[in-house]
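Step one of this worksheet: look at the structure below.
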């Protein structure tokens, strides 16, 4: 596995990086060890973590192990590479690969023959063994660096479902995937992006399920990226989106391996980035953003009801404050009589128009949310207490805002937290502000104008060629069973048809073990 | 992964439904009630006949000239010069039509909701959005139509909340004056239903022509049922007072009350109605823009969406000095004008094509 | 892109500015009208009185509600009036005397003073149905005396007298009429109808002055658009029977033979059918009624558990219903000559051709319509006890 992975790295290095590389790097290694070491020393000038350990194989032949301190397992190098070789009695005349076979107790090792290969291996933490009088080197798989252990995903917790989350290490992440999908049909193509960071980015998909045109598009979009560095998958997301100016995310970012695997099984592709616990999934629709992985782990009635609740509150979080403003300033007759009079009483001491009141409160709320988010957990609780006191009580008593407005803002806040994807919640919350202004300008009509504009935008929006309002705006009743409801698993017998030109693919129907004869049709 | 302009048959019906229903349904009962105060609900059945004729015309014209709109096929049938002339006629008709519906919309909003907001602002704001939809091409048009059509037909369900207030005796005596008043009552709505002919501009994008036909009949059926529902509910609610109301459906919505707190829902009606109007205006604007570009041989129709939208708004405002003129136009002129363009001219074109045996396909792609 | 954003952001202040004008109405700038009363003013002008809610008077605002406000009456409403040559004129004058904009969206009560009702309500109905703000579902009433007086009351329950009237109407006991129904009735075949008639309830002894409510008692009889008289509550019940609007109401009647004690039934369900017939010049109307009721009180000594007794009771019930209906028919036909039952519509629906010819003679014809009543009445259930409650067994008449 690892051999292929490494060779892929050098094969698919982006053109820019390759051009920037000096001619020297393409050169094969020299026979003389000193020349090779000199060359490497010049490449790694002023790199204090660059270590060259010279020794003699069997006490005769000059050799060196080159590695970067902190990225390689020094213990392993001592124990499995240097010690056996130094004590090698039969080193005479044997070439490097023969020696390796006999003496080096490392499972993963491969030959590097150019300077560039050498540098690539060293930078990735593979110690490289060079020997005098031989124009090849040996890269040993003794990578070891400090890494975070696998933890429960912080941003996407679930009551039921696996508690593993991705970490910052790409290899760990791919192993998490491989542990779920064991079929070799799951492919992991790796490329390197970022001129300086040389970040590895893996495209994961299942052969036969993901459409060829999608993979083609993913590869070509990733291949076009030219950037100094990639620190997070967000960099990639922004550069490969269909419409970067849209407030809606067109790729799903998740730190749950189960979500990635479920998407792969639906024929989507995932992009994993070294250094980021977030995987990107494409293509997605608006409804993907509103679904929670738990929908599929719970009983389908529960999931269906929760899904509807979530849709309802997603709409509420977008519209509630603007509806409140519109009704209160334009369509007062819609409020039931007794409620209207108590609202009028509540608003009596407030000097601001409802529009200003709403904007003020919403901005304050957003500030509170953001403040609570960035602070350490212990302080965050304090912020929320202060917020509740300031907004809830004092502001009302001071006559700055009316109590109904506080309720509306609170409900909106709760509603926006119901959206399982944090980033989607933010997109919706952002759109709330223009809608409030429109509501204060033209009432319900203004809100409708805003909604029309949003829907038109969503209709034009695509995620890797898939319409963002897939299955709703292009009605396909076969697909509705996973959108409007969450059909039981035995009824989800077709995979989502992501593109129109894709044939409908059937899942193996699950036979129920009850013996009642209820079987899905194939 | 490039953008292919296709419309699913079901999207076609979602586009056609609001195109017929949107503006008219507010006034529909009042127009019928003028002629047949107790029987006008029956007229909804009659209106389906011209609707069916227009579907037959549009689809058979398209079957003869696959991939071509009436403007293009007209040029093939009667020659380039006459064809362009006919196209020009259509352009002015659609332009005027778009203007009138945007005026109707603005008039309703202004008289019942936003009394002080300038009319130009009301009508332009929606037309601009419609132009945005048109700029998106048929793809955006058809997708948005699905969402908006579903939302805009919600008021029909709300009408059912009025059931406790209905008085069925207003339906009697049935046909006391014979069928002639019912025929008269059907005069105006039949014009609206024949607007189904606008499907000629979308047929080239539907893959399965047979299903396209079916779904347009389905749209027609739902239109007939909706009109009947509206007529019946309003008749049983307002009885003889229907003909005196400017917007009987609005009154019905104002009359709604569920449990004493869910009431005064007319703003909701407005909200939903705006969506239906957007679909209608964007479909009409699309027809206008496409007619224009095909008539003058312009390949990119998108850049004309905004100018023509503004032109239509101007048509709507200047052509009609007051609401009485608008009513006369709807009741007296449109009754003949619409069928002329949606039935008579297409029928003539089809006859000529049939006699001369001309057929044709779309070479070089659909314009746009 | 950046330049575009800058250009777009220039629009934002523009839109925010726009909010200042046009149709925006802050709740703080509205006077929530709860009821409108119309009376005849000086010089034959119209006198409009509105009742509106006072938002401040509720306790709990800012915590400074009370101290020791001596009077127990909480005044949640105030009234204001103005005169003008018509309603629109009067209301525009009224607006000049009120610092807040009149808001009609929650006004559900329109009261015609007796004077206005007698002069005709059509012009007022035109205003109320043409203006976009008054609601078609609001209830209309005619008041005994000046309508404005009914608004100057401070009811012990409910926040305003308008609210009292609305709740009373919603209770489904008495007769009610909405504005839209009034508008339909004005152009109906019969040219006559009834409007609920309201009186001011005698205040209880301990109450403050004005601390009482208006209540519905009887109906005003309208012919054309003018009031020509009023019917008492009892007679009105007969009308409601014929119009199939029995409602929740208790029927009490005596038994033949035992003059002391009444039997009361509630609730009553009734199916009424009007069967018109024309033979030559004779127009007939058969009122078919099938009535059922549950016993709630039995003052007589009879035991309703006995089938034979129950038959007797049914007969008495039937007689009671007939009397009520006939009393009302008699008054409508002969005293007022007003077809408040919409017999005209019944004839129109049954004989549309003939009606077209005869409709202008309806005024003369209505008093001569022969009305026949055919009533079947049953006591369906006798409640939770059988024999008269608390009566020694030997006194019960089987």
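Going by the order they are written in, the chains are A, B and C; count residues from 1 in each one.
FYI, a contact is a pair of C-beta atoms (placed from the backbone, for glycine too) under 8 Å apart; a residue touches a chain by one contact, two chains touch by 3 or more.
These numbers come from a predicted model, not from an experiment.
Q: Please classify the inter-chain touch graph. Allowed labels: line, ring, star, complete, other.
A: Complete.
Q: Whose C-alpha centre lies nearest the centre of all protein C-alpha atoms?
A: Chain nearest the overall C-alpha centroid, as shown: B.
Q: More C-beta contacts across B-C or across A-C?
A: A-C
Q: Where the centres are mean C-alpha positions, what is the separation of subunit A from subunit B, in Å?
A: 46
Q: Need the CA-centroid distance for the pair subunit B / subunit C, whole Å please.
A: Centre-to-centre distance between subunit B and subunit C: 42 Å.
Q: On a C-alpha centroid basis, what's the spacing between subunit A and subunit C, in Å?
A: 66
Q: Subunit C: which residues touch two or more other chains?
A: Where subunit C meets two or more other chains at a single residue, that happens at 22-23, 105, 135.
Q: Counting only residues that touch at least two other chains, what does the list for subunit A look like?
A: 330, 333, 442-443, in rising order.
Q: Which parts of subunit B, given as residue numbers and ranges, touch two or more other chains?
A: Where subunit B meets two or more other chains at a single residue, that happens at 113-114, 117, 260, 263-264.
Q: Which stretch or stretches of subunit C touch subunit A in the complex?
A: Those residues of subunit C that touch subunit A are 1, 12, 15-16, 18-19, 22-28, 30, 32, 34, 53, 55-56, 58, 61-63, 103, 105-106, 108, 135, 159, 163.
Q: Considering the complex alone, what residue numbers of subunit A touch subunit C?
A: Touching subunit C: residues 245, 328-330, 332-333, 337-338, 340-350, 353-355, 397, 399, 437-438, 440-443 of subunit A.
Q: Which bits of subunit B are touching subunit A when the two form their complex?
A: Residues in contact with subunit A: 1, 3-4, 6, 8, 10-11, 14, 109, 113-114, 117, 122, 125-126, 129, 132-133, 136, 139-140, 142-144, 146-148, 260-265, 267-268, 270-271, 274-275, 278.
Q: What does subunit C use to touch subunit B in their complex?
A: Residue list for subunit C touching subunit B: 21-23, 105, 132, 135-137, 170, 178, 180, 183-184, 187-188, 345, 348-350, 352-353, 356.
Q: In the complex, go through subunit A and note every residue touching subunit B.
A: 213-214, 217, 327, 330-331, 333-334, 336, 339, 442-445, 447-449, 451-453, 455-456, 459-460, 462, 464-465, 467, 469, 472-475, 500
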